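In the two complexes that follow, chain A is the common piece, with chain B as its partner first and chain C second.
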Partner chain A sequence: MALNLTINTSNPPLGALLAAEHVKSSVQVSVEEGKDTQLLVSDSVQFSDSNSICRYLARVAPAVGLYGANMMEQTEVDHWLEFSARRLCGQPGLNITLGELNKALSLRTFLVGHALTLADLSVWAALKGHNEWPIQGESFSHVNRWFSFLSSQVPFTSVGKKYTTKKA
Partner chain B sequence: MTNMALRELASLEKYLGLKKPNKYSTQGDKKVPVLQNNNGPPLVGLVTIACHLVKEAQRPELLGDSAESRAVVQQWLEYSVTKLNSCTKEDSKTVLKDLNVYLQDKVYLAGNQITLADILMYYGIHPLILDLTIQEKEQYVNVTRWFDHIQHYPSIRHHLPVIVVLRNRIYTSRHH
Partner chain C sequence: MPMYQVKPIYRREMEIDLPTCMYKLPNIHSQQGNSCTSEHALQNGEVDPAVKALEARQDEIMKKLYELKAAVEGLAKTVTTPDADLDLTVSSSLSPQSSSSTTFKGTTDLDTLLGKDLGALRDIVINANPAQPPLTLLVLHSLLCQRYRVLSTVHVHSSVASVPPQLLSCLGPRHADSYARHMFQLGFTLIWKDVPKLQMKFSVQNMCPIEGEANVARFLFKLLAPYPSDPALATLVDSWVDTAFFQLAECSAKERAAVLRALNSTLGRSPWLAGPEFSLADIASYCCVLQSGSASSAPANVQRWLKACENLGHFSPAKVLLQ
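Right, the complex of A and B next:
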């Protein structure tokens, strides 16, 4: 089963690209540049929303563990996907949102459980693409530590370099 | 009393995936571990033997992957032997306070990759964390987070019990 991910180059879906990088050892995903972001599963099934693409990729590659280790963690992952879509993407005034994220990260290395999940990918991607983030980041030490830790890991380094330089 | 250093070395061997466990003896009143080396003089001391095991397992990145991180790793290895061993109740507060400040912006002791420093410091600090109340664990929030991460890191814990760590803060108004 080969999947095809087309990405909108003027607004690249970083979370979906990261998820694709993480699952590529167990699922075949090709990435193409185009006009609209879309994951082509079959002729009749396509996903165009970044969170839906992330969810699908995590579910077809359960061994990678991107959806957490149990039902509780799965629910937490869902929480953070919604959090990134509603509270971070394109929202002005990040202060309150970052405060909540900072509190959640004070005793955690990863957002959910003890390993990397979609929650980390999606929240990291939303912050990376947010133009207020680097300025606001200073005052939220836990978010800062978590963000720069992820940024230093493969494939965050490669995806970050490849797809964010194009943005003005 | 069981010798902690020997148990730590045995756990480290398992973490490193070394198939054949070594036989250790001890030396002096402080029971310093000694490894009789087949092709050379005996190796003496926890950190010396630990570094040797890492090289034997061909995991040099655990000693740091740049000149700077190698120096930081050695610094924390020395710290674990000099400050954590024979640590009094008073000392332990200073250790936790300093470490808490240091770990504010770090996931691992030498930056963004796990090293031998994290493993030996985790073994060494375990008795200190075991004594902390929930409130104190939250006071040293960065130490607690680092500790919880290492104790859940695959196959490091072995001989030590899991210490319960709350994953959300309850004394939120408290300044750290």
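Right, the complex of A and C next:
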């Protein structure tokens, strides 16, 4: 089964691209550049918002564990997906939001459970694409630690380089 | 037991000329005088047998009335079901004997869903703002009550000055004070609080507080029925839930109209939003359509679907609050 992900190059969905990179080993996803972001599943089913694309990719490849290990982790992942879409993306005034994120990360390596999930991908992507982040981020040590930990790993380095330079 | 006796201060058999134009009544004085014992019985807190008989009769009448009311409600449900234009799958789930157990297939067991029981009551605590009552969660709560033994309580946080009475009673009648917590499988504690966004706290040692009505609704729904196993269908459900909460409930009239059009074309193809099965997508969208006040101006397929939802009988807690 081959999936076709079209991305809007002027505003690339970093979270969806990261998810696509992570599930690459079990599902074939081809990425094309186009005008609108869209994941074509079949003739009648397509998803056009980043969270739905992430959810679908995580569900198609359950072995990767991007949607958490149990129901409670799934709920946490849902929480962070909404958090990144509603509180981080395009919202001015990051201070309060970053404070909450910092608190959540104070005792954690990953946002949910003990492994990488969609939560990490989507929040990382939202911060990466946010123009206030590099300046505001300095005072939030836990967020910084977590962000640079993820940024140094493989899919994050390649996706980050490839799509954020293009945007600038 | 008579203590002492006092001589009557009047003559018992007094002759009075009574007018004949009025009803005749027995002389109450003579009756009282004759039955000294019954007077004492009344003083000891016992009830006159005549009153007792009257009460019994009233109880009987009330019982008959309740039975009649139930019968009429049952009839009304079958009469107003518009199943003429719905296909077979829908009408089978609308038939009177179907309860939530047929609508939500699959057995769900709290231990397998939530990990092993640690002996304490699993308490779902929800902080909600009384300015935006979470209709979806109230509907899901009543469905949970049909499935599990749920201990429901409502509190008002000190950050809120006053809460309308219908919000205080939105989880049904209070449990008797003598309840034992271990008799329940699930706790549902709703706190009216001045929060910017609805919050759920559950299993706080390993879960962060969950924000957003949509995410809490997903959690509660998973306690009732598993998501579709097909990834596309499950994601479709989630996508409709997002659309309901972020576009129907929050956005401008123009975007609402666009969503209603999308709903209409989807409902033209299938009886429910995510295909042949009633799902969380329907619950969330129904509540958001009603809350946004666009139910009356909705296109034809949406109207039909709204009616079909109502006939399932799951939405009465939400409708009570909307009035």
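In the analysis below, the second predicted complex is superposed on the first by the 168 of 168 C-alpha atoms of A that agree within 3 Å, B and C clash if a C-alpha of one lies under 4 Å from a C-alpha of the other, contacts with A are read in each partner's own complex, and residues count from 1 in each chain.
Heads up, the rule we're going with is that contacts are C-beta pairs under 8 Å (C-beta built on N, C-alpha and C of every residue); 3 or more make two chains touch, one makes a residue touch a chain.
The structure presented is a predicted model; accordingly, all values stated were derived computationally and were not measured.
J.: Between chain B and chain C, positioned on chain A by superposition, is the outcome a clash or a fit?
T.: After superposition on chain A, chain B vs chain C: fit, no clash.
J.: Once the structures are superposed on A, label A:149 by its partner contacts, choosing first (chain B), second (chain C), both or neither.
T.: A:149 sits against chain B, while chain C stays out of touch.
J.: For A:135, decide between first (touching chain B), second (touching chain C), both and neither.
T.: neither
J.: In the superposed model, which partner reaches more residues of chain A, chain B or chain C?
T.: C
J.: Considering only the touch criterion stated at the top, classify A:2 as touching first (chain B), second (chain C), both, or neither.
T.: neither
J.: Regarding the shared-chain residue A:71, is it in contact with chain B (first), chain C (second), both, or neither?
T.: Only chain C is touched by A:71; chain B is not.
J.: Touching A:63 in the superposition: chain B (first), chain C (second), both, neither?
T.: Touch partners of A:63: none, neither chain B nor chain C.
J.: Pick one for A:107: touches chain B only (first), chain C only (second), both, or neither.
T.: A:107: touches chain B, not chain C.
J.: Once superposed, minimum distance in angstrom between C-alpha atoms of chain B and those of chain C?
T.: Superposition on chain A places chain B and chain C at a least C-alpha distance of 6 Å.
J.: Quick check on the output: what are the common chain A residues between the chain B footprint and the chain C footprint?
T.: The overlap between the chain B and chain C interfaces on chain A comprises residues 104.
J.: Would you tell me which residues of chain C are touching chain A in their complex?
T.: Per the stated touch rule, the residues are 113-115, 202-203, 206-208, 210-212, 214-215, 218-219, 222, 231-232, 234-236, 238-239, 242, 246.
J.: In their complex, what parts of chain A are in touch with chain B?
T.: For this pair, the touching residues of chain A are 103-104, 106-109, 114, 141, 144-146, 148-149, 152-153.
J.: Within their complex, state which residues of chain B touch chain A.
T.: Going by the criterion above, the answer is residues 104-107, 111-112, 138, 141, 144-146, 148-149, 152-153, 165-169, 172.
J.: Show me the residue ranges of chain A that touch chain C in the complex, using the header's touch definition.
T.: Residues 41-42, 45, 47, 49, 51-52, 55-56, 59-60, 70-72, 74-76, 78-79, 82-83, 86, 104 of chain A touch chain C in their complex.
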